[in-house]
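One chain, chain A, links the two complexes that follow: it is found with chain B in the first and with chain C in the second.
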Partner chain A sequence: MDISPILKNYKKIVESIGKSSFTHVGDTIYIIVEPNKLRELAEILYWKMNCYHRTCVGVDERPLNGHFALYHIFGDDTNGLHIVVKVYIDPEDPVVPSITDIVPAADWCELEAYDLLGIKFSGRKLYRLVLPPTWPHGVYPLRKETPYNYRPSVKIISGEEIGESHDKAVVPVGPYHPALHEPEYFELYVEGERVVDVKYRGFHVHRGIEKLGESRTTYQQVNFLAERICGICGFEHSVCYALAVEKAAKIDVPERAQYIRSIVLEIERIHSHLLWIGVAAHVLGYDTGFMHIWRIRELVMYIAEKLTGSRKTYGINLIGGVRKDINEEKKKEVIEKLEIVEKDLKKLIDTMVSVPELKKRLTGTGILPKSEARKLSVVGPTARGSGLDRDIRRDLPYAAYSEISFKVPVYSEGDNLARFLVRVEEVFESISIVKQLLDQLPRGDIMAESIEIPERKMGVAAVEAPRGEDVHFIITGRGKPYRWKVRAPTYNNIPALKVMLRDQALADAPLTIASIDPCFSCTDRIVVIKDGRRYKLIPNKGGVVLYG
Partner chain B sequence: MIEHIVVSIIVVLSIIFPTILDGVERKIKARIHSRIGPPILQSWYDIIKLFGKEQVMPRNSLHAVMLLILLTITQVFLIVYTSVSIIFQITQFDIVVIIALFIILQTIFISIPLTIPNTFSVLGGSREIALTLVNEALFIVIMGFFIYYTGITSFKQLTQLSPTVYLLILLLALFITGYVSSGRIPFDIAEAEPELASGLMIEFSGPILGVFLLTFHIRRFFVKFFPSILFLGLFIHTPISLIIAGFITTIILWIIYAVIAAILGRSRVDLAPITLLKIYLVLIALSIIGYYLKV
Partner chain C sequence: MSKFLKKSIWVFHLNTGSCNACDIEILDVLTPYFDAERFGVKLVASPRHADALLMTGPVTLEALPKVINAIEATPRPRILIAMGSCSVGGGIWHDTYSTIGGVRELLKILKEREIEVDHVYYIPGCPIRPEAIIYAIGLIKGLVEKKISSKVKKAVRRTSG
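Right, the complex of A and B next:
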């Protein structure tokens, strides 16, 4: 597709705003804008140009140019473009206009920049999102002067009161939910069995992974750190990180490696969706479906082990390529196993959709209207279940996705059934994709010959993970990233739960929460590791102490 | 003499065996799930382990514990009374007494969570009430029709009965009430969604939870045993044969119910009572038509 008229249009918009600059590299447009023009530009991009908001990134650029910077990353999926809007911020008075009233999807990332870098946003309410109440004021973890191993010693200075001053009955869900097995906390305000309001508190386990990536690890090591962001779609994060660096450093990855990445990415998607379908069946009390789906999933884990050496697709991705090749024997076995998966799954899904309770409880529950989905820039099956036809694999193809054909299932109902069906169809599509890729697997190297990463280059990459798009943003540094920002899909999808849960039956709340396939560890991104041991932070009288 | 021995065995088995049957159910479900499952005696192991645990009284829930003790005693009494009255008529209104006792038991059962100051318990309790209002109310209606059609109020009188279509339809409805009362999927809405509404037992632990589980298993046994006796009474007219056949039928029913529960999903509090009401009303209407047509 010839995108020059589109680029001209964007350039015209930027020029009309005034006092701004426009550059274009590959699939990314970079715009630098004055802070007082940011809101105007955001409105044009989000509502007139129909772009989605991927995330925003605060960066401490004082060592580079004496300023803080804020990058808003928009996505023009229709034309296959990332649009990065940069604003310089005065380091003495780091204030920038908030755009959340125009772009509701920017709510959390602004708060994260406030928490981690001390960037203030005018025109909105600011509160702590990521940092715990025990964290001292005035210490910003992502500022360059804060060491990665900084440990606060403070008294508890604030505590959020929960379940107070509300005239409705409060039903707490979390901090550990038996169906989701991750730390999250929802307060559901109910009248009878109807949910009338929802409050969410997350980030219980913020891992400071970005800081670690910027401080302790080398470029290649970050691949393995990125994998640990998620226990389900770790390979997606690793690939997304590698793509961002490869884009920034203009590294050519061999075709065969691109194919292998796509194959493993799709295996991960099949695994993740099967896991979710099983969990959904369990939440609906249909444990027979749950167990059989997980029996089928076992074969997918076997395939993952064959291809990567681990049942969890860990450890094969690097910047510049992959570490493990696929030989003829593996190819044959993968295809054989996938055929069993396809056959068994078809049979099981037919049975599942004929269970009357399942159909009744999935249909018409947890509705997310298209307009709300658009407003919040939701991603993945949550978006496609609400009629948003977006899939990064097709819209901004990466790895080997441009070489194969596949359908993107889209449903307009926006209910739990729509999200269920999107995932089911995606499993079959992924099986077809893996078969096509294995069939066309080209010969050649699996690793780039030379990898040189210059400093101060920027890269944005998005990968369509099972839950939606992962976004990784990189500014290169010396031997390691200067700034590495990760945005997991759940980050954009959780705010939609408020809409989905309101005015629904309480009994459907667990299913609706599960229907976005939330990954709280992805969203939170923590584990404090010191000397190879895992620590918890517990508050005591004198402050916060490490406890092994 | 033999009657006394049989009654004693049945009474003891009615208290011990339900927990073994629960183990059988877990094994059957496991097989349907294509997994091995726990040993058949696992439910007993669980209860024995719970009895060995520390006694923790739920906070502000003394009434719940007292009601639980009352529930357990009444439940055991009910199963003993039912078994004995099948062979030795205690009163001329044994069946009516059993219905009354069962309704009292259900009332205690749904009262327990409402006395616990915990959102999840209250939610579970209110869901159980919604279901009980349909199921147990219709249980009384069905039994009312049974007594009206047959004029029978004790097991001894069952010998006068012969099978008819309208009675069989009524008994089918009675078996369904038994299934619902046993709290199985799709009607386990009080216990559904573990963290949202763990229903009746959320504040119970250790020996108290053990007692609750034991009572629950006996209750599950009773809700199958009672309709089985009424059904078999149409065909078997010897009390000893009737009680033995009733016991065996209860085991078979337990297995059938386990399979049904494994192939269905969970309903919702606004769906289940309406669905049930429709089923019961259709069955009762059919039995009325059958009664007046003398079929």
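Right, the complex of A and C next:
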């Protein structure tokens, strides 16, 4: 497709703003604007040009040019473009105008930049999101002068339980809750059986992965680190990181490697969606469905092990290609096993959707209207269940997705059933994609011959993970990334829960929370809970130092 | 091995900041293919009902107080099972800014607070394989012997004189 008229259009917009620069490389547009023009440009991009907001990234560029920088990444999915808007920020007084009132989707990433880099945003309420409440003020882990292994000195005190009075009854869900297998905390305010408001405190799984990638590891090692962002969609993160670096360094990846990446990505999508369907059935009290789905899923895990040598598809992706090839024998076995999966699953899904209780619980609950979905830039099956037709595999094809045909299921109802059906259809689509890819697998190398990564280059890549799009942003440095930023899909989807849970029956809350397929280990790489706490951490000022 | 766990082990799953891979293998091991339920293993909803705590992840700062609460709520004898590389030794997070670095640091903190843990089991792996979990169950219930290589045995003998 010829995108030059679209580019011209963007150029015109940027020129009309004045005092800004416009460059274009591949599928990415770089714009540098003055901080006071940022809001104007954001409004035009987000609402007039119909771009989604992917994320924003704060970068400590003081060693490079003496400034902090903030990158807002927008995505024009219909034309297949990433739009990176950069502002320089004064290092002495790092304040930049907030755009959350124009772009609600930018809420969390601004708070993250405030927490981790100390960039202040004018015109909004700032509070701590990512770091624990005990983290000392004035220490920003992602600033270059802070070492990655800095640990604050804290002590644990046991206090009385302090309950705060609310005019509404509070139902705490988590941080360790039988319906959730990850630590996160939801505070549901209820009136009778209806949920009237919800508060979320996550970020229990913030492990400092970005800082680690920028300080202790080399380019190729970050691939394996990226896999540990998430145990379910690890390969997606690894591929997304590799794509970002390959884009920044202009490395050509052999075709066969691209195909193998796509195959493993789709295998991961199948096992992740099966996992979700099982968990959803479990949350609904339909344990038979849960057990059967996981029985079927075991075959997919077998395929994953056959292809990558590990049940979790870990360890085969590198910048420039992959480490493991697929031979004829494996090809045959994968297709055989997938056929069994397809047959078994079809039978089971037919049974599942004919269970009237299941259908009733799913229909009409947890509704996310299209307008709200658009406002929050939700991604993945959550967006497609609400009538937003967006899929990175089709809109900005990467790996081998441009070589094959597949459908993108979209439902407009926006309820739990819609999200359920989107995922079910995607499993069958993925099975067909894997078969097509295996069928067309070209011959050749699986690793690029030479890999040279120049310094100070920028790369943005997006990958459609099972839960939505992963976005990785990279600035290259010497031997390791200078800045590596990860945006996981759940990051954009959690704020939508507030809309989905409001005015719902309490009994449907766990299902609705599960329906976005939240993956907190991705999200947390980052509301204080007031009630029922015995132990808590406080900043240590003298007294017993437990570690530090 | 342990006298008090001859029968069903009820476990409470405590994710202390892991990447989900281990957690999914825990669920996986309870479903029909590996079926750990035949050993009487059951996930329970509250630490107050649990015999053992399954711990995955390097213990993040945010999770730490909640983990201590959960461990204190578990009745004695208390068993802590550290699963996966992160939990066993901190893994790659052993010195990052927002974790405490695995079960050993946690045990130090627990000791300081005089919360006793009767047994600690380690299941290494990244992620742990379901077979390894089943082996650990066998070990806890005394169905299999601990496998130690002759090198380690010799080293232990040497250090203990």
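Here, the second predicted complex is superposed on the first by the 514 of 548 C-alpha atoms of A that agree within 3 Å, B and C clash if a C-alpha of one lies under 4 Å from a C-alpha of the other, contacts with A are read in each partner's own complex, and residues count from 1 in each chain.
As a working rule, contacts are C-beta pairs under 8 Å (C-beta built on N, C-alpha and C of every residue); 3 or more make two chains touch, one makes a residue touch a chain.
Since we're looking at a predicted model, the values are computed, not measured.
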Check your understanding: For A:L358, is the partner it touches chain B (first), chain C (second), both, or none of the two (neither)?
Key -> first
Check your understanding: Which partner does A:P132 contact after superposing on A: first (chain B), second (chain C), both, neither?
Key -> second
Review point. So, does A:I232 touch the first partner chain B, the second partner chain C, both, or neither?
Key: second
Study note, to complete from the structure: Of the two partners chain B and chain C, more of chain A gets touched by chain C
Check your understanding: After superposition on the shared chain, which partner residues are touched by A:V173: those of chain B (first), chain C (second), both, or neither?
Key -> first
Check your understanding: Should A:H181 be classified as contacting the first partner (chain B), the second (chain C), both, or neither?
Key -> second
Check your understanding: After lining up the shared chain so the two structures overlap, which partner does A:M291 touch, if you call chain B first and chain C second: first, second, both or neither?
Key -> both
Practice item. Check whether A:A509 is in contact with chain B, with chain C, with both or with neither, and answer first, second, both or neither. Key: first
Practice item. Once the structures are superposed on A, label A:P369 by its partner contacts, choosing first (chain B), second (chain C), both or neither. Key: neither
Review point. Which chain A residues are contacted by chain C in one complex and by chain B in the other?
Key: 178, 290-292, 295
Check your understanding: chain A touches which residues of chain C in the complex?
Key -> 12-25, 27-28, 31-33, 43-45, 47, 57-58, 60-66, 68-70, 72, 91-93, 95-100, 105, 108-109, 112-113, 126-127, 129
Point to revise | chain B to chain A touching residues, read off their complex | key: 29, 32-35, 119-120, 123, 127, 185-186, 188-189, 192-197, 262-271
Revision key, fill the gap. In their shared complex, chain C is touched by residues of chain A numbered 131-132, 134-135, 141, 146, 148-152, 154, 156, 158, 175-176, 178, 181-183, 203-209, 211-212, 225, 228-232, 234, 275, 278, 290-292, 294-295, 297-298, 301, 311-312, 314, 519, 521, 524, 533-537, 544, 546-547
Review point. Mind pulling up the chain A residues that touch chain B in the complex?
Key: 169-174, 177-179, 193, 281, 283-292, 295, 355-358, 360-361, 505-510
